[in-house]
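We just call them A, B, C and D in the order they show up, numbering each chain from 1.
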Amino acid sequence: MSMDKIVYRPVRDEFAYTFGGRMPVAHVRSGDVLQVFTEDCFGGLVRGPADLPSQVCRMPYLNPVSGPFFVEDAEPGDTLAVHLLSIEPTRNWGVSATFPHFGALTSTSQTATLQPPLQERVWVYEVDKTAGVVRYRATGSDHVVDLPLEPMIGTIGVAPGGFEARCTIVPDSHGGNLDTPQLRAGATVYLGVRMHGAMLALGDGHARQGEGEACGVGVEIATATTLAVEVIKGVPTLWPRIETDRAVMSVGAARPLEDAYRIAHRDLVGWTACLTGLDELDAYQLVSQAGRAPIGNVCDPNYTVVAAIDKQFLPSPAAAYGGAHDRLRLLAARHR
Amino acid sequence: MSMDKIVYRPVRDEFAYTFGGRMPVAHVRSGDVLQVFTEDCFGGLVRGPADLPSQVCRMPYLNPVSGPFFVEDAEPGDTLAVHLLSIEPTRNWGVSATFPHFGALTSTSQTATLQPPLQERVWVYEVDKTAGVVRYRATGSDHVVDLPLEPMIGTIGVAPGGFEARCTIVPDSHGGNLDTPQLRAGATVYLGVRMHGAMLALGDGHARQGEGEACGVGVEIATATTLAVEVIKGVPTLWPRIETDRAVMSVGAARPLEDAYRIAHRDLVGWTACLTGLDELDAYQLVSQAGRAPIGNVCDPNYTVVAAIDKQFLPSPAAAYGGAHDRLRLLAARHR
Amino acid sequence: MSMDKIVYRPVRDEFAYTFGGRMPVAHVRSGDVLQVFTEDCFGGLVRGPADLPSQVCRMPYLNPVSGPFFVEDAEPGDTLAVHLLSIEPTRNWGVSATFPHFGALTSTSQTATLQPPLQERVWVYEVDKTAGVVRYRATGSDHVVDLPLEPMIGTIGVAPGGFEARCTIVPDSHGGNLDTPQLRAGATVYLGVRMHGAMLALGDGHARQGEGEACGVGVEIATATTLAVEVIKGVPTLWPRIETDRAVMSVGAARPLEDAYRIAHRDLVGWTACLTGLDELDAYQLVSQAGRAPIGNVCDPNYTVVAAIDKQFLPSPAAAYGGAHDRLRLLAARHR
Amino acid sequence: MSMDKIVYRPVRDEFAYTFGGRMPVAHVRSGDVLQVFTEDCFGGLVRGPADLPSQVCRMPYLNPVSGPFFVEDAEPGDTLAVHLLSIEPTRNWGVSATFPHFGALTSTSQTATLQPPLQERVWVYEVDKTAGVVRYRATGSDHVVDLPLEPMIGTIGVAPGGFEARCTIVPDSHGGNLDTPQLRAGATVYLGVRMHGAMLALGDGHARQGEGEACGVGVEIATATTLAVEVIKGVPTLWPRIETDRAVMSVGAARPLEDAYRIAHRDLVGWTACLTGLDELDAYQLVSQAGRAPIGNVCDPNYTVVAAIDKQFLPSPAAAYGGAHDRLRLLAARHR
């Protein structure tokens, strides 16, 4: 087990725009700790009000991810546990925008109407790591307000397998553009391995985002993200799961939004039953009364919902994935 | 303005099963404080594991509400503000259940499939007001766990107007079965008046529920709910809104779930713009980054999502509805 | 059994705007033949390009229906069969329009966005009964084209029961604003009776409409509609069904659209199994390969889909509803 | 221009399971006529009641397509026109099935519930090309009925571009598993080219299917499909379009089903306006009254709806795509 942190800083043409279909940028091993530099979803090209995303960005060069990393010994049927130790903004600003026909409160290429798009506009936020805030500044008036800095990784996933390569804007069972604030430092995400080497990649940091990412874009930042990986052999994982000190969570990604809710809750009920010995209906009941269901995004090709239950409500649960979360947290802590 | 609390305790055949289409049970005035006794969603008929709801309840006698109350001087185009001072369970137990083809993790009469229903089962919870907990007890194993007692009102609304009478199980723009944990003590709900006298009614208390009310049923309780009402003249309200000391919120009710999200956020963006002078795109941006979006229900005829933003992020906002929340909170406090 | 046709021609303030909650305008008996005059969905107020619906119409006075008719001996648990003998336009014009935030290709009050509405515009069609055409005339250019005159009834239903009264714009299991071209002359519609007397009402004639009624409005006409009614005792009907000489059909009404599809097909599979003795999976297979699924509307509060299977593919089926369609067709024929 | 038909008969390990990410199996030129042999969606492995698909098939080896064909001179921004001259079943049988948690009338991996799957069952159909029928045979009773033989191609598309490779089970803007009966002999499908060479592939023949493909599986057959291709330079196509002698059509693929409807109709309205000089609202109105909207599938990862309008209702339209349909039909006719 390596005690040195592996540092990966991509150069521009190394970024990936799909999960799957790419050669690895590096090989890592179970137990490794990585520091990965990620670019923002616009490739760093939107820096001010005049940089309209639809003009400065070019499809498909949106939402670059760093990776993929080939994880030694990861095989289909295994699970890759990724513990997020820290997510550090690497610039003192972040950016958000409206984008034509993208977002929850506009017609889109899917929810297609005859209406013209909303105005495209850019908001630049100051990121103050010391104060722990991001500063919103209205464009049409003088209002300025500080919002809590709550860095998260919008996009993390593995190769989808089945010969597929999926655009990094898509969230699905392989992970991808989950866009949930639950992917913050301290969280361990479990991803089902679908091909030899797993092919982990990540990017799309947000200084923060509201639940649902209504306008389609968070406060987008470049990051230095430190993470620890572990391969859990012989344990498959169907949909992404997240574990924190407080809770276990399942992520669903689908349209319509209720299907994302259903997937996440179906998975959490099954997981809860597994962890606790409750029968499925008892687990369903417990999750129904004690569960939380934070919405991730309502703008991406699949919407995301997280189903969560606090560990304190589970009967002395068997440690999830053999205690991987605690193990990785300890491992990562040595690298602070 | 009355300083006496009006107490209303319905007898069985006084319960209403629709919003609209009913004669009022009492007249109240702006500024009145009421204590309203409510029955649980099963009419109190489900008291143990053998009381299967589909057998002991009979349609349409589900989800009884207490009322309607005729509010003097409330006219279409006004808003009725209802502050929830307290929601007290009146029994030391609550009950939940699965119900055939109802709930988020089963096919339903709408999401119709050829599969047989899940097993119908009842869970009885102990409600311990002193300890502030409800006790979950598994039916198929020994697991027992205490969950926080967080009483809420599942159903509150006014007559929908337009000659309509809507089943109390339905949430829509008139309120109704919103089933959101945000309707707890301390909250003020704003409902658009659609007919002379508003015709306020409420019921369906929950000792608690998870977000989405996955199994279709919360921890159902009878309550004594104390509330204060105020008519805000000449201010219309399109969708239900909620105000607490912390936040302003809009409620959307629709299918699919993303439409509930859209309605709530469209309304909150407009409200935020109104309260703060931000233009709509600036308000959209602020809500996108600072907003919360707790899911209410994913089981009722319309699903519900709440869009919320904390007041601290708004620029010295004009008090919503002329300060009704603060005014009612003070008024109600005198009745503790 | 009456051999005289009952003629009902409403005066203005007799129109109903809900199913349920109204006193009957007349009593009829099983076996009666009625000629019912219906007004168009705008109450006849939109007659030219300057009559913008949002200006000349006032909520809730949209989509008037003629009735309700109290059908003697119709009780909850029975089915009301209504055979449409003829649907005659009573004027030589029809009208369509865009309406702000209503229709399939615009954001709406449910699919809420921040975009302004599409332009409101009126199209007046000439109805030529002799030639059997309706004449489309472009408003922004010279294009004129004749479309087949295919009159249909947009709205037909019974009182929903359960103390409810539903706006006539809503389609649901009680019928209502189904907006499907299948409701043309020659069709028999089966509606489950939910309260004493059934309380049949109808209106909203269309000279024709495309599948889905994309812009939200058909070619709206006033009609003289001749129909024959029969009460089928002791046979319940859950969702509206339609029978023609060619096919049996089930109607689903819900959102999202796939749930309308599911309801209709779930019902048709069950009905097919009943009529033929096929087991449910065999019926599912047969409907899957031989079925048609014409979309009704994708604009109303619930969307509608019809599931249809041609009788020729069913194994010498037991006559549906005891042969009501054939019986009513013969009865009605005597009244031509 | 070649006057010889190019015949392509894949050997087993040549089949593709994605659009994109594959080397071409052959190069063809604009104006070529191809005869392509396709295998059924089960790879020919389901041949009788005992061959349960979930047992004899292995993911991701489902829905094989023949190709991809590299089309010379096809570049991003061009359109590939593919005329289907004939679709010949190559065996005298076809097969359908239920598949666990797949189909419209069951919960699925997306519409996830706690219910067990429906029974998995296989139906074998006789295909009688001479009589032009496929013979349905019930499994649980004696019912046998002949349905019209209406061969179609379920899956046809190009590489999606953007470095993506999409599973052949998915329909989207690149084509793919559209599963619409409109893709029959005589139709020309237009596909937007997204990468050098277009990379056309096809498969998944159906002897017939009902609208929506309710059970998730048509009457699956292997085919010899003859098609003619033409590259239309400099004309982009966003969503698949279909042209027949009778009609022009746009295909939408999305969830929920109303978004597939919206995409198809948004596209057809724009296309109609382009072809005829009508302004967009006039085109919207015309499509709303004259349009048809046959549902393709309600079971695949994206649902499909086709929007169609008959050419006779369009004002002497400019020939679509410069008359490609007529040109290819003539070309193909020489190869009968």
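By definition in this document, contacts are C-beta pairs under 8 Å (C-beta built on N, C-alpha and C of every residue); 3 or more make two chains touch, one makes a residue touch a chain.
A quick map from chain label to UniProt name: A, B, C, D = Acetamidase/formamidase.
Just so we're clear, the structure is a prediction, and the values are computed from it rather than from any experiment.
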item	value
From chain D (Acetamidase/formamidase), the most remote chain by mean C-alpha position	B
A-C against A-D, pair bridged by the larger set of C-beta contacts	A-D
Centre distance in Å when chain C (Acetamidase/formamidase) and chain D (Acetamidase/formamidase) are each reduced to the mean of their C-alpha atoms	33
For chain A (Acetamidase/formamidase) paired with chain D (Acetamidase/formamidase), centre-to-centre distance based on mean C-alpha positions, whole Å	34
Rounded Å distance, chain A (Acetamidase/formamidase) centre to chain C (Acetamidase/formamidase) centre (Cα mean)	47
Shared-contact residues (touching 2 or more other chains) in chain D (Acetamidase/formamidase)	105, 111-114, 118, 255-256, 262, 265-266, 269, 281, 284
List of chain D (Acetamidase/formamidase) residues in touch with chain B (Acetamidase/formamidase) within their complex	105-107, 111-118, 256
Complex contact set, residues of chain D (Acetamidase/formamidase) against chain C (Acetamidase/formamidase)	96, 98, 104-105, 118-119, 121, 123, 134, 136, 138-141, 143, 145, 147, 208-219, 255-258, 261-262, 265-266, 269, 276-279, 281-282, 284-295, 298, 303, 305, 313-315
In the complex with chain B (Acetamidase/formamidase), residue positions of chain C (Acetamidase/formamidase) that touch it	17-18, 20-22, 59-60, 109-114, 161-167, 252, 254-256, 259, 262-263, 265-267, 269, 280-281, 284
